[in-house]
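Take a look at the structures below.
What follows is a pair of complexes built around subunit A, which joins subunit B in one and subunit C in the other.
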Partner chain A sequence: MSLKAENISKRYGSGLLREGKCIFREVSFELEPGKTFGLMGPSGEGKSTLGRIIAGLESPTDGAVLLNGNPLSGMKKAEYAAFRHRVQMMFQDPTDSFNPRKRIEHSISEVLKLLNNQETKRLQITKEMLKTIGLPEEVLARYPAQLSGGQLQRLALGRILLLEPEYIVLDEPTSALDVSVQAQILHLLKKVQEEQGIGYLLISHDEAVIRFMSERIGMLKKGKLDMIRT
Partner chain B sequence: MNTLLEIKDLIVSFQENETENKNKNKNEDKNEDKNETVTAVSCLSFSIREKETLALVGETGCGKSVVAHAIMRLLPPESRVKGAIEFRGKNLLEMSEKEMAKFRGKEISIIFQNPSLALNPVYSIGHQLAEPFRIHGQEKKKEKGNTTLSKVSGALKRVGFSNPHEYLGYYPSWCSGGMNQRFLIAASTMLDPALLIADEPSKGLDRDRVSELENELKNLKEKNENALLLISHDLGFVRRLADRVAVMYAGEIIEIAGPSSLFESPRHPYTRGLLNSLPENGFVPIPGSSPPLSNPPAGCRFHPRCRIKEKRCMQEHPELKESNGSAVRCFLCP
Partner chain C sequence: MMQKEIYIQESPRQWKDFIAHYLNLDIRKYEKAFKKFNRGGLFLFFFFLILALFPSLFAPYPPTERFVSYEPPSVAHLLGTNDIGNDILSELVYGARISMMVGFASACISTLIGLMIGLCSGYFRGTMDELLMGFTDVVLIIPKIPLIIIIGAFLHPSIWTLILVLGLLSWESIARVVRSKTLQIREAGYVKSAQCMGFSSFHIMASDIFPNLIHVLLPKFMLATASAMISEASLSFLGLGDINMKSWGIMLSFAFSRGGFIRDMWWWYIPPGVCITLCVMSIALIGFGFEGKDENGKRGVDAE
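Moving on, here comes the complex of A and B:
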């Protein structure tokens, strides 16, 4: 499956009579299965906005996101729902990714219910997922506030993996974590990519993280995407 | 230099509220909840001298921010705090709330972790920056207005805003994270506190903003000569700013040393692991994860993840051994 951004531009505040502020213009790149495209650049240049557009959570002002050559904007409801399964997004702050009033088990099983899994099968799948992300079963009984940032970020990745995505947009996945936990999460992401062949769009302002993880690198600065490793 | 702040055997614990958890989610199994005590900080002792920068580093959840909030007496009501926090010889934990309110902002000030959450979204920057003067009664009726405004403008200039008057009418949502961070620094240093606590001030900022912040903190220290308690997981930032570095693990200090000695020849196995996780050392992770603070392991708290542990490490809890101005909590460290 190919996922491509073609001449994407984004403006905010534009309307019939106003042109609005252009965040970036005519950005193009392609994500490949099993490989990482690193997107770096200073704060406020629109890296996260670009990530949200690729994940289908926001629409571009111009240009298109193409899945196997088909534009996302022209998809029917069922096709779009299938796209959302296949292209997932992992956010910066793992504490915001879980409902603070529910146990982890509940947040995980919500995804499995969505996939129409039987209760017995749900438990088995959850156990396998925990093994992949290297956490003990006891975390299921905990509330998000009872877990560390690193454990929650692992669980956020684990929950995404239940949907068997083909691409994941990783929006600053380690910037809220300290260096030792950051190293663990980066190695986990690499391991998962090797095992499952998932393509990543990694967004980070940390050049060292981008260089460690990515085969190809683009710098988004002053509204333009410059390729610095191809 | 004289000791400004001395923390002696500080213990901070939180009692988990069973009924609250049950009420949160009535449909879930109620019998599983236990009344757990989470001891976030255990017998922690350190001191900060006047004009000194002491950095606290360690993994997320190791208790760094809890220490900062304990000093400011801003912990939630369900917390239990024991020990002593002496500021110029006065125990802050024995002060009334009224006395403490006089200290906050004036003697000890804090730059909170998330600038967007620390600023009030419905008040202008100018209004919020003038707040320390209002609270501490330094805004006299006759002087009201112009004098306060010029002080606020001066503080904004000090943190790098060349045209401060323009920003007084701005709201936090109009500004970037970096700008809000500088507003917070200006507000925290407005009354020239003797001790400034900066809780993860570089979190989420890009490289350019971090170097700007570093220069701002250095300039502030030079001009105001205040002491700084810097809490950060950005080890490069810490190395450039700190006079001493204290490494925390699972609620206790495991090593204290000067930055050059700590970064060039770390002694504790956890400190060595932490430095190996740095990008320049290839992102080598420490195996395993931190123990739950509700049930830390017996013996050395790091032993389940330690590569060089011995039998003794699993049975006895090591004390913090001091020598030549540094200290380490490990039986196996020289």
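Moving on, here comes the complex of A and C:
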């Protein structure tokens, strides 16, 4: 399965008469399974917007995101539902990625319910997931506010992995964490990638993180994507 | 002396520890929640709630029993009797139920409508938002009391029509507050990731957004109750209430039309007025108590 961005442009604030501001223009790249595409660039250049477009949370002004050659915008409901599970997104702020009113257990079992898992199986799947991300079972009974940023980011990754995605858009997954925790999360991401062959789109302004993680690197600057490492 | 003081300081913690340990009931958890309320308001409110729930315990006579009319306060009738000889204290006690029922029922209706409209327009945005908010603005500028008087004149006067009309016309401010809060929450990471994982919009609204709205919805609900009670009183005073179900407003209306004011029978018109004021004040105080404090019990600016 391939995920491809083809000539994507995005404008903000355009209306009938106004042109709007162009964030980036005709950006094309392809994600490969099991490999990481690193996206760098100064802030305000639309890196996160590009990530959200790839994840299908926003639609581009021009161009298309292609899944196996099918554009996202023209998908039927069933196809789109399948896409929704295949491409996931992980966000910058780990404290924000779980509902503060729910215990972690609840947030995770909701996802398992969505996947129509039997109740007896759910606990087992959750335990396996916790083993993969390296957290004890006690975290399940906690509220998000009672866990650290690193723990929450691991759980966010774990919850995404339950859906068995083929691609994950990582929107600055480590920039809200301190350096030692950053390294742990990056190693975990690499381990998961090797085990499950997931393709990453890694968005970061930290060049060291990008160089450590990525096979190919692109730089989004002044509305254009330049390939740095191919 | 020293020891005694220490003992006094220690003792409340000890019995709470004791209960927590032996009865598996940690009072301290509820204490924190209790601090969110305004206690004076809560006390008054429970007083009226008990009056409303068990009127027969407090009223000396059934509200329809007749005695000599226009009697001043005496030992037999603490607040005297009215024009048809009903005991005013009993009427007052039984009126609590009707006034509070109108207030709460119409607040329920308006909160429900406001919640739905606010959630939908805040979550879906776009055309839906503009249509719903346009409609809300239209409802907002309609003068309520004249409209209710017109509707009341055409419909059969009963408390159910009153509840319905008050509920259907007072949801706009709730809808606006819910919308603005929803707009804020929908940008949060957990809503975005729920969208990304393919949860339905209904599921996201019900399980991710709604629980985070409760702390703005509760004070709004309380204030809606208070304002519905005031509207009920003023409408009943204007003669649009249900005569078979005597609320405080209807008592005032009768005191006015049957000569209570002219004869200067203060025991007829002051008690219902005081009851309305105190009851509305208690509910509003509870609402303010909720409003001023955020989840952590601190005074927050964000509370709208």
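We take it that the second predicted complex is superposed on the first by the 230 of 230 C-alpha atoms of A that agree within 3 Å, B and C clash if a C-alpha of one lies under 4 Å from a C-alpha of the other, contacts with A are read in each partner's own complex, and residues count from 1 in each chain.
Basically, contacts are C-beta pairs under 8 Å (C-beta built on N, C-alpha and C of every residue); 3 or more make two chains touch, one makes a residue touch a chain.
Keep in mind it's a predicted model, so treat the numbers as computed, not measured.
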Figure out whether A:E110 sits in contact with subunit B (first) or subunit C (second), or with both, or with neither. second
Which partner does A:G150 reach: the first (subunit B), the second (subunit C), both, or neither? first
Using the superposition on chain A described above, determine whether A:A176 touches subunit B (first), subunit C (second), both, or neither. first
Thinking of the overlay built on chain A, is A:G13 touched by subunit B (first), by subunit C (second), by both, or by neither? neither
Taking the superposition as given, does A:G69 touch the first partner, subunit B, the second, subunit C, both, or neither? neither
Is A:F212 touching the first partner subunit B, the second partner subunit C, both, or neither of them? first
Kindly classify A:R101 by the partners it touches after superposition: subunit B alone (first), subunit C alone (second), both, or neither? both
Max touched-residue count on subunit A (subunit B vs subunit C) belongs to chain B
Is there a shared patch on subunit A that both subunit B and subunit C touch, and which residues make it up? 92, 101-102
Subunit A-facing residues of subunit B, complex: 21, 24-25, 28, 32, 58-61, 176-178, 203-209, 233, 235, 273-274, 277-280, 283-286, 289-290, 292
Complex contacts: residues of subunit A adjacent to subunit C: 55-57, 81, 84-85, 88-93, 96-102, 107, 110-111, 114, 156, 159-160, 163
Sites on subunit A touched by subunit B in the complex: 42-44, 92, 101-103, 106, 141, 143, 146, 148-151, 172, 175-184, 186-187, 205-209, 212
Would you tell me which residues of subunit C are touching subunit A in their complex? 188-190, 192-193, 195-199, 207-208, 211-212
